[in-house]
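Shared chain: chain A. Partners: chain B in the first complex, chain C in the second.
Showing the complex of A and B:
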């Protein structure tokens, strides 16, 4: 039996998702059924929804995506930096044979799909962060979850190398959809670095709807990178829901390079004193790309900090959307929240929409935000031209300098190198003289 | 001699100074709203047919619209059928030609408010088109203005004497279906002010209207239309006070400004309507649509507002910068105390080339007040070289109030430059301590710091208004700190 009664008003896109859900091997699990019911009630978000004012999923909804299958062949070389623990996902499924999980007993890695089969009771609790009510896309992920990884660090655990999650697509002509789920839980005073890397060098349009939940126990630290470099025909929706306990720190480095349409939601709840969220990000949209990032930081208790530094670059017909919301609850005195959003608009057919929001219910706080939208400095361009660079090189150099501010903050050197290269390719100029 | 507890209590719970009801016979329509009510209003006012049709179109459109709920406000449902849509002071066959003919009780009302028309108006060089409930009762300085060619009269008079201007400009900035409250206003507005400044004229004095809300259960729906023809300049002041009352009163005004080539309009508001008592009971609902259109090249529209009153303020004075090189400005101080709520801000729509806009917004929240800045800066693809600077600062007093900012920035031109900054702070203990150690009382110190916080806006106000605004802030904030 299906999870929710079939509604007559259900749109074609929701019906397609229902068909996918009904043939899913988890369709009889109550948790997934409830999640699908939530999704089918709400449907895909539309621009009428304030949170989706500038992003229309019509293009995504009009397409048909095939549910991906485990064990699809993958023959290409897998990019991974040296000195990491690579965990490889193909079409949204975890592939142990291609992965090298950490050997330390302090950090436990579990595949959610194998957990669903081996221990359904524990599986039912994998999502103990209440997220499904808040977003229909998260609910869709829970319902259709292909596979996922649970990373659990014991108290005081540290790893010598970062965990590198890479999400790739098999060589196929089919338009696939994947709903991977990442669960990160740290014990007290644990210290982890996790990189989530989405890469597609093909040209087939896929749909990735990924959800990451993060629970940081007291005193723990997580350095997290979310790097989205799908191909320019794909759709990418990803969400991070994080809860931070006392003295814990979440640092997130977020890069939106690829996809025709990419939407990222990062929600951080600061639930313990001295909890700190640092959210840095870079979005680069060119061609017909559409990049949308929504941040929401909630300061729930006194003495918490958040720091947001986002940059956006829109060229050609690209569109950048940034929404940063800081909410300070009534009791959250001594909150320190800083937010900055800087944007470069490089073409008259591009568009940037920024909305830095503050919602403050306490007087003893330090909150500030700044947003700018502008273009490359004409004087700097002239200077470089007078030194013999052509127009394109000069623009690429200045654009790269603007982006580099975010890239240099990434903690893994090899990742920085890779991001620099990606940004060079994306900026459309080979800067040989910089090598 | 010691003060009695009774005296103290009186001091602490200072009541709204301007709260009283004038006892005048009102010619009031029974509560309710349908097309007949609109026809009736139009008939009483002897309006031409185009205006009646316009009102009916607005009403029919209004019926199809949902009540807006996007603002950060808690609004008790409004029963539009419980409101009387027309109330005029006792009808006279002959309109008053001078102040002597005006009902003495009306003049007394203005005396209590501290604006004796016959004295202060002349001294201050201000022509007052006083709206008492819904019909203008006295208009002064008409001669001097007439000599300059300026038309400054009530909206009803303008409909009778300048229908061609009304037909041409009414609804050209705020169309009848613009939003829920503008549509309601377009259907049932009773009166308001009309200003026309001819080509090349610098208006010889500041124009001013004092609005009053009087008869019980009468929502006020004013309509203001200001047209500044090519090369003209005008400064317009609007100030408000209202009697005390326990029910929420609805006020949905529409203000339209049109600035043609090289024209300059400055519109200043001090709004001090009844904010409700310290428990959040009563108070005015103030849902206003204000918009200016810089239609010609090099034109300029500047909004300055000091919002201290009303239980709920829902107001976004906006500028449409159509003409090349046109300038839009918005300076605002909004204060919420007790259970007041304000959702206010501006929209700057850049259409023409080299258009500039400046937004300075200062929000002050105390008690359980919720203060919200909501703004839109939109740069359209044709707005080459457009420039915007936005600053919105919030000051919080106490841990039960709220300050929120919702700025929308939409840029579609790569030569545009947009800056937005916002900060939130409180009155720091250091600042207070410094003032106290210099012998300044707590209350004066708070008032001084708040006035300093608002200085960037106050300096944009005409002088008399700036003084009034400062006093208003001190009174509104009494008991908020300490």
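Showing the complex of A and C:
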């Protein structure tokens, strides 16, 4: 059995993905074949699609990326904050020998690739959450999935430390692509903190197409960080699809620092009363970087809440896109949806598009949104300079202060420290003068 | 130390300062008083290098150099300090770090070694005691959530640490209760020295009970319409500004320049 018939209209870039798929060790699995067919029909998203209006993947499509392989040698030091359970991925493959999963039996960690081999039926459930129709990039991930991790917390489970997933690249010169998949499922009243950290300190162009699915059972809480710090030649597409049951809370802290082009989609379905999604984020684009984040929160039932607090900073020729869609279904009375998008435009050649998008089918709701794009506060800039700081230093300080509002909300101190350092390096500031 | 000659300043198309001349020598304390909107803050901002003001004509010479050619940070490093009428809140920028960065930039400019964290902390704690400020202020954002009075005290704390040659105090007394006023005045007085000059802008004569000025100037409508000594302030206290700004009494005004 083969994947969907090769369509004549298939573009060169889709054909390259097909070639990659056909060599892939999952090519004979029906689930993956169906996903590839979905991808091949839809192709890569284009600006004709409203949701991709400002983000063109042409540059990504024109490149050739090689499928990565497991067990690539990795010799560099692995950054990990203190007091976490590190789970290490190299080129999209989970590396148990570099990882320290939690020992608690209440939280089960399974490699998806090993599951594909040992228990195909259980494996097939990883894509239980309905996502493939919504995004051709998710379909591509399902088809070409390199490896992934399933994190399952039993009812009432808690962990003493966060789970730290770090996605690194081996030091080959090859332009690799990886399609990692993260599945997080919490039992009732379980509490978890999971950090997904994408880091590339090299300069070889890579393509990371990452998908995370989150299913929160009643009363559970997930504190989640998505930190993208790929190198500035790379492409990064990542998605989070979350479903929240009654009384559950998802808090996400999202950072787009790296990559030439990064696109993030965070979709949250609030399916039970008192479900709450808190989405905080920071995007910083400089040089020729392009960062695009699309949020979509659906309030499906009464008494649900969403809070979005996003900040964007664009310098030089950087480009920031933020789109925050909130959909309130007809029966979702007493919805409380707050959205704030604040943006700093630091140069005349940078560009920011920030847009709230409200679709509200119920009158009994509290929805507020605000999007601002501004410059650094001239009063503050003068104040710092009048105390002796030079202009560049004053600008860096104020830019960092603006970003810091998002960074300080990250619940893991060591991670906050790391984010602060990353932001200093990227803002060109002197470390010791920061708050 | 500071010589202002026939200074005309516009904001947009509007002339705000209409020919100010003022001489300030080292060791002197000058007070500028005047009704709201007369241009007092404009003068101090122009001295500190705030952009948005157009110097149409006239000159400002500070320590024998044309100060108008210098950026705000260069002026600060040369010893000019402005305590703002409305200190800015900068959440996310730590109070201590701002001061340390400022002090070290100034020290570097003067060819002095930079203070390390320990030396700096010792210094700041001593100055905070002088200003009777709680150490919890140290780790807050610059002026973040400070009350009006706390912000003013913080300005004087900054001044005490940066040790300027020319201190410009713009309504540092406004919004202070009597105890806070005494603390602020004490901070300013501790800085008085033969090498320093102080120019304080105030609305009320009250501050001058605690910081005795050598000269008092009245600024109204963008001009210095009268200069005198401390007794002028007392007269203003008694009679208000009307007798000076009212057309009938304007005939008798003197020129602004004091000392030569």
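The rule is short, and it goes like this: the second predicted complex is superposed on the first by the 431 of 435 C-alpha atoms of A that agree within 3 Å, B and C clash if a C-alpha of one lies under 4 Å from a C-alpha of the other, contacts with A are read in each partner's own complex, and residues count from 1 in each chain.
Convention: a contact is a pair of C-beta atoms (placed from the backbone, for glycine too) under 8 Å apart; a residue touches a chain by one contact, two chains touch by 3 or more.
What you see is a predicted model; the values in this text were computed from it and never measured.
When both complexes are superposed on chain A, chain B and chain C fit side by side without a clash. Judged by the number of chain A residues each one touches, B leads among chain B and chain C. Once the two complexes are overlaid on the shared chain, A:377 sits against chain C while remaining clear of chain B.
In the overlay built on the shared chain, the residue A:390 is in contact with chain C alone; chain B does not reach it. By the touch criterion stated above, A:47 is placed in contact with neither chain B nor chain C. Of the two partner chains, chain C is the only one touched by A:398; chain B is not.
With chain A fitted onto itself, chain B and chain C come no nearer than 14 Å, counting C-alpha atoms only.
For the contact definition in use here, the chain B contact set and the chain C contact set of chain A share no residue. Against chain B, in their complex, chain A makes its touches with residues 50, 330-331, 333, 343, 345-375. Every residue of chain A that touches chain C in the complex is listed here, in rising order: 377-380, 382-391, 393-394, 397-398, 400-402, 404-405, 430, 432-435.
Those residues of chain B that touch chain A in the shared complex are 70, 72, 365, 381, 394, 396-426.
Note for the complex: chain C touches chain A at residues 48-52, 71-73, 75-77, 81-82, 84, 87-88, 90-94, 97-103, 105-106, 109, 141-142, 158, 162.
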